[in-house]
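These are the structures, in structure tokens.
Heads up, the next two complexes both have chain A, just with different partners, chain B and then chain C.
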Partner chain A sequence: MSDATVALSIRSLGRIPGVAVMLALLLVIFSAVAPGFLSAANIANVLVQSTILMMLSLPMTLIIMTEGLDLSMGAVLTLTSLVVAIVSLATGSMLLGLAAAVLVGAAFGTVNGWLVAVLGIPPFVATLGTLGIAQGLSLIVSDGQSVVGIPRSVSEVYSATLAGVPMPIVLALLCYLVFHGLLYHTRFGTYVFALGGNREALKYAGRSPTRLLIAVYALGGATVGVAGLMMTARMNSGHPTAGLGLEFDAIAAVAVGGTSFERGNGWLPGTVLGVIAVGILRNGLNLMALPSSIQVASVGFLVIFALFVDGLRGRS
Partner chain B sequence: MTDVTKPALASPRAFVSEDVIQVFYRLLAALVICVVLSLLSGSFLHLANILNVLRQASLMFFIASGLTLVVLTAGLDLSVGANVAISACLAGTVIHQTGSPTLGVLTGLVAGGVIGLLNGVMVTALRIPSFIATYGMLWVLNGLTYWYMAGGIVHGFPPGFRQIGSGYLFGLPTPVYLLGAFLAIGTIFAQRTVWGQQIYAIGANPVAARLSGIPVTRRLIMVYVVSGIMAGLASIIFLARLNSAEADIGESLTLPAIAAVLIGGTSLFGGVGTMFGTFVGALILTLVLNGMNLLQVNANWQPLVTGVIVVLAVWLDMKMRRRT
Partner chain C sequence: MSLALPVDEAAQVSAAAPPLFELRGISKEFPGVKALDDVSFAVWPGEVHMLLGENGAGKSSLMKVLCGAYRADAGEFFYKGEKVAIHSSADAQRLGIAVIFQEFSLVPFLDIAQNIFLGREPAGFIPGSVDRRKLLADAKRVLDMIGFDIDPTVTVDKLGVAQQQMVEIAKAISQNARILVMDEPTAALSDHETELLFALIKRLKAEGVAIIYISHRMAEVFSMGDRITVLRDGRRIGELRPGEASPDQLVRMIVGRSVDMSYPRNFAATPGKVLLEVKGLSASTGIADIDLVVREGEIVGLCGLVGSGRSEVVRAIFGADKIMSGEIVFDGRAISGGPDEAARRGLALIPESRKSEGLALLRSVGDNLVVSALARLFPAGLFDPRRAQRVADGLVQQLRIATPTTKQAVGLLSGGNQQKVVIGKWLAAGAKLFIFDEPTRGIDVGAKSEIFALIDRLVTKGAAALMISSEQAEICHVCDRAYVMREGRIVGELSRSELTEENIVRLGMHHE
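Up next, the complex of A and B:
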């Protein structure tokens, strides 16, 4: 076991340069060309704004490690954000809103996992279908309108601080620790690695890949539910198209972070760096007063580039 | 998981007849939907509505037909909707600035084709999985289109050009003739030409295809280029039909096009499916959406229903093929 861990950490070390180089490059470029980029306030801003993306990217890493994909995450985030808004508006309780959002998210995740694992539908199509369903449900429950006037207790989740650290960062850190613990220090994590790299081994270990896959997707959905609370807290409202497309930033963060799409190799700290890279890219372009459309296109280029590099690594 | 839907490529004949049966089921389903809708809504059987359904189905078919070839190779092109949007915006601008619809049409087709070429290169030379490469392309195109249009609209085109999308010829909408033509060309191409058969072979077993001397890379690139050009063509017809173009017109097109291909019985695992099936798929989906419209179901329900149909179509297809 310790041999394996050492081998693993050496392999991870070998991967640091890719993401780190990209991060360093982005930092250097933007501190040169984007006014106000290097200020402490702006860096803190980037980190706080990256927290929602972090909560999508961590489960996305696990899903991609199983050679899966979840295209429905942005739409489910939108839906859970609306659920938080609607439930907290109706009951006055932030916690009930969160509970409902986590349930809805987990339900979507379970359906995704079931479609993929039990029915054998390729993940990108199964989750494309549930993307449509979640998007439709978002429009239906909100009637296409924003949900406003939600209780203060919700928006405080985003604006509060704990010992001087902004609450979103605390929550994202907590979320990371949970995923890190799960992936690297439990059997579940070992099985997740096996799901991508070696499903045969799972069978010999007497584990059903079906249940594990469903669990991975369901965990992802539940985490998206928590991100839904953050989203609503940040906007102080629920909006029927708020989170659409955010799954793409998550895929970008995972790809940049060095998780492979084909061989089931995942690296969670890399995903964190990837999230920050995507956050810096968007923030820097924003400071340069470039329109958000350019940010979207750049993230697209970033993904294609990262996958190209991933492909190169696979060949060597 | 991949061994479910690969039928043996023993003889192309047996393969075709299986497809005929599959298409027959789907035609039957379309007929049932028609009967139900005519019972539920008095206005379904009106000539104007039937022609409208045909026109909508043709628009969906243009995008879905190129996509069918991609799916036949076990790939996917998620960029078709964004491709339609950027091609339409470029073509519209060219028509406005030069006054020449011919140049505009050429622009749309070339833009679509170039995007397809880039997709093909990413999938073959860069070896990026197709669904993720074209997904990246989708966001690149979306970003570029919004930036290029900067919130604006191009509108107002010459009446002659508009005939392509909104005109009638001998009582039928013009796009329906185009539909007939492309359905025939597509079917002959896929079933009766060497290139078409090579596409099926690549989808059924890429390794065997390569070993038997099929130029897999070139065929794959060709398939993505065709998918791009068909999106370009669809963009022209959209432009002529709507008489305007703005950055967001492609957003609701991709999921229905994929749904049409899948409802039509083309297997996501490659090597199985027909153009005619995709046409019937487009017809079924259009009928369902048209029916919801006639029954005054809120349009907010459309993405949900399309999503459910995508999942159901794939599942049913896998189930039926596993049994046979």
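Up next, the complex of A and C:
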């Protein structure tokens, strides 16, 4: 097939978003080459393993829609996961652990939002700074060691099922519904579109872009706190590098999902597909017993390819 | 005798009713500029009041005072005869004033309904939620009211300029706007879209909305206006009815002749050889079929309204924008290789925004002066600070740049001296043709004459200059010839003897 016919066939796919095409391609390829990929158990496994990434990618979508970025998410995930471990170990209560983690996450998010919205520091730099701080705090509170011996009530968050559906999937689904409702059915969601699309319009409408922007980052931090609980539950311990680099996968999933980094052009269902695409890619390469370094590189390729496909479609 | 009132008497009756909104004696001063000087202005319901003036006459300032973006230094506002205050955009909104700017205030990835009611969404059952059904119904009602037949769930990014303008108007109407301010609304519209807009304006008039309409197009001023106010240099020159003046008289009011300038220039009796020749130049930036010639020893003006394509022409000549067709011959050879080649061959583009495009403000005067000449001064690629210093010192003297030392940061110099540094930079690089885009913007009067004296000296030594200026008086004073542009094309060339402000305005404005 020549380049022209490739482009033409992609274009003829019409309104199907690039991420769906990508997902289909990945499914076909891995079904063929990765042993055991297509089994029900493995697919369920992919979905369960994608839940934490999903809980980072949903708020990341909103942040990117404001023409922002949150590089601190992975490090804050690590920190909140440790907070869950330490607090639940000390009090024996999963809920207290969760509450503490959400507070810490929201505090980091608020600081991020304040740095970006009030001080006007570029999001890339501001959240790179808080990434370092969160990472450092994680090493301090854990003393560089894993936190073990946490209560069973915490690990059950990951292992339990609800009507046969694994709890992580239930939680991630719940989280999606909340974000979907927030973005598409509330005033707040409408203003998120305006933050990236036309901040002046918000001012004319009598809404403060500063406060909204802080709220978006704070919401992101709080959601990462919930993800921290899932992380601790999944590993049955707190670990000082647990969330290392996960912000990269989250940004990749958002980009693959068709959310643009400009003008507030976001698409939340696309983020879900993007998360699953990243999850399938990593799982498939894992099954093929390829080293994790190749997995990281492949996520990079996925992002570039997805944007390339969307670029072709955009021009048609 | 007929019982009907004579026409002008009828007009007087309607004028006897109190205006919907009135400004009296509005003044607004910025450091060094009187943007508005004792301007009075009134609109009646159901009327279109046209606002005319050159670039910088004070129209935009007046708009900003009206919508609460600027606070007037002096003057009073009256709404239906009662004194009111406008201190903020909220005040203006309360009075029913809505401004439709050229830059739209729409959010691209929200739909039409969400945009119309941004910040005023109907609340749903759950706190914070939006009652989508009511939102769409309300939007539909507003769209019907202005006769815009479109699905309110379409996102704004899929709309053309004209449709976006309609959404803006719908937004204003939904806020119960009774006074609509439109800033050159037809500037980006096709003929058909313009007709639709005019139909809408007529409908709004019938509903008693007052419209303040800024325009540059003579035809629409006369066909759509009920009243015309002319502004010049921040002052109100006059108010009249369309029937009371011819387009020519209006042009004279717009231009006036209140300019005093003191940069004498020796016009070359016979200009030298052709330095730049442009033939049939078109570019995707909207310019087409541009033909122009600049000879050695000449200063050639390029005029027209802001947006007529002047900057686009010089950018295309300099290679900063890709050209689609046509030929540019410089110094006897075709030029086509982009800004690098243009600069190497001796073309200098001195842009309007010196701060962002022409100078490194934090670096020293000396660094800025030699930066474009590095390859010429140091062909081996090794920098010699003493040689650079000598060149910089020479330029500072030659151009009379007022700076304590060449080590001074350029950002600390006055606007006029910064301009000289930009010129010096290109002089060092061996430029033969200087292209100026608004060379005197943001420069005080004294420095202006110095800049023009400097340009004069450059061209008497065999260089040439092509100069864009919105100040017609300047063009008339210093240019040997001038081209006038309108809507991306050159619509006329004026020789030294034909070069008057009136002729420039007459050619530059839409005038059918």
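Here, the second predicted complex is superposed on the first by the 287 of 316 C-alpha atoms of A that agree within 3 Å, B and C clash if a C-alpha of one lies under 4 Å from a C-alpha of the other, contacts with A are read in each partner's own complex, and residues count from 1 in each chain.
The rule is simple: a contact is a pair of C-beta atoms (placed from the backbone, for glycine too) under 8 Å apart; a residue touches a chain by one contact, two chains touch by 3 or more.
Since the model is a prediction, treat every value here as computed from it, not as a measurement.
By the document's definition of touching, neither partner reaches A:A99: not chain B, not chain C.
Using the contact criterion defined above for the overlaid structures, shared-chain residue A:H185 touches chain C, although it does not reach chain B. Shared-chain residue A:G120: touches chain B; no touch with chain C.
In the superposition on chain A, A:G266 makes contact with chain C only, while chain B stays out of contact range. Legend: residue contacts after superposition of the two complexes on their common chain; A:V48 is shown touching neither chain B nor chain C.
The partner that reaches more residues of chain A, of the two candidates chain B and chain C, is B. Within the superposed three-chain model, A:G206 lies in touch with chain C and out of touch with chain B [touch as defined at top]. In the superposition on chain A, A:F193 makes contact with chain C only, not with chain B. Of all residues in chain C, only 89-90, 105-110, 114-115, 118-121, 124, 128-130, 132, 157 touch chain A in the complex they form. The residues of chain A lying in touch with chain C in their complex are 181, 185-188, 190, 193-194, 197-198, 200-202, 204-207, 263-266. Across the complex, chain A meets chain B through its residues 69, 71, 115, 119-122, 124-126, 128-137, 139-140, 143-144, 245, 248, 251, 261-262, 291-301, 303-304, 307-308, 311, 314-315. Residues 1, 4, 76, 78, 122, 126-129, 131-133, 135-147, 150, 255, 258, 262, 268-269, 298, 300-308, 310-311, 314-315, 318 of chain B touch chain A in their complex.
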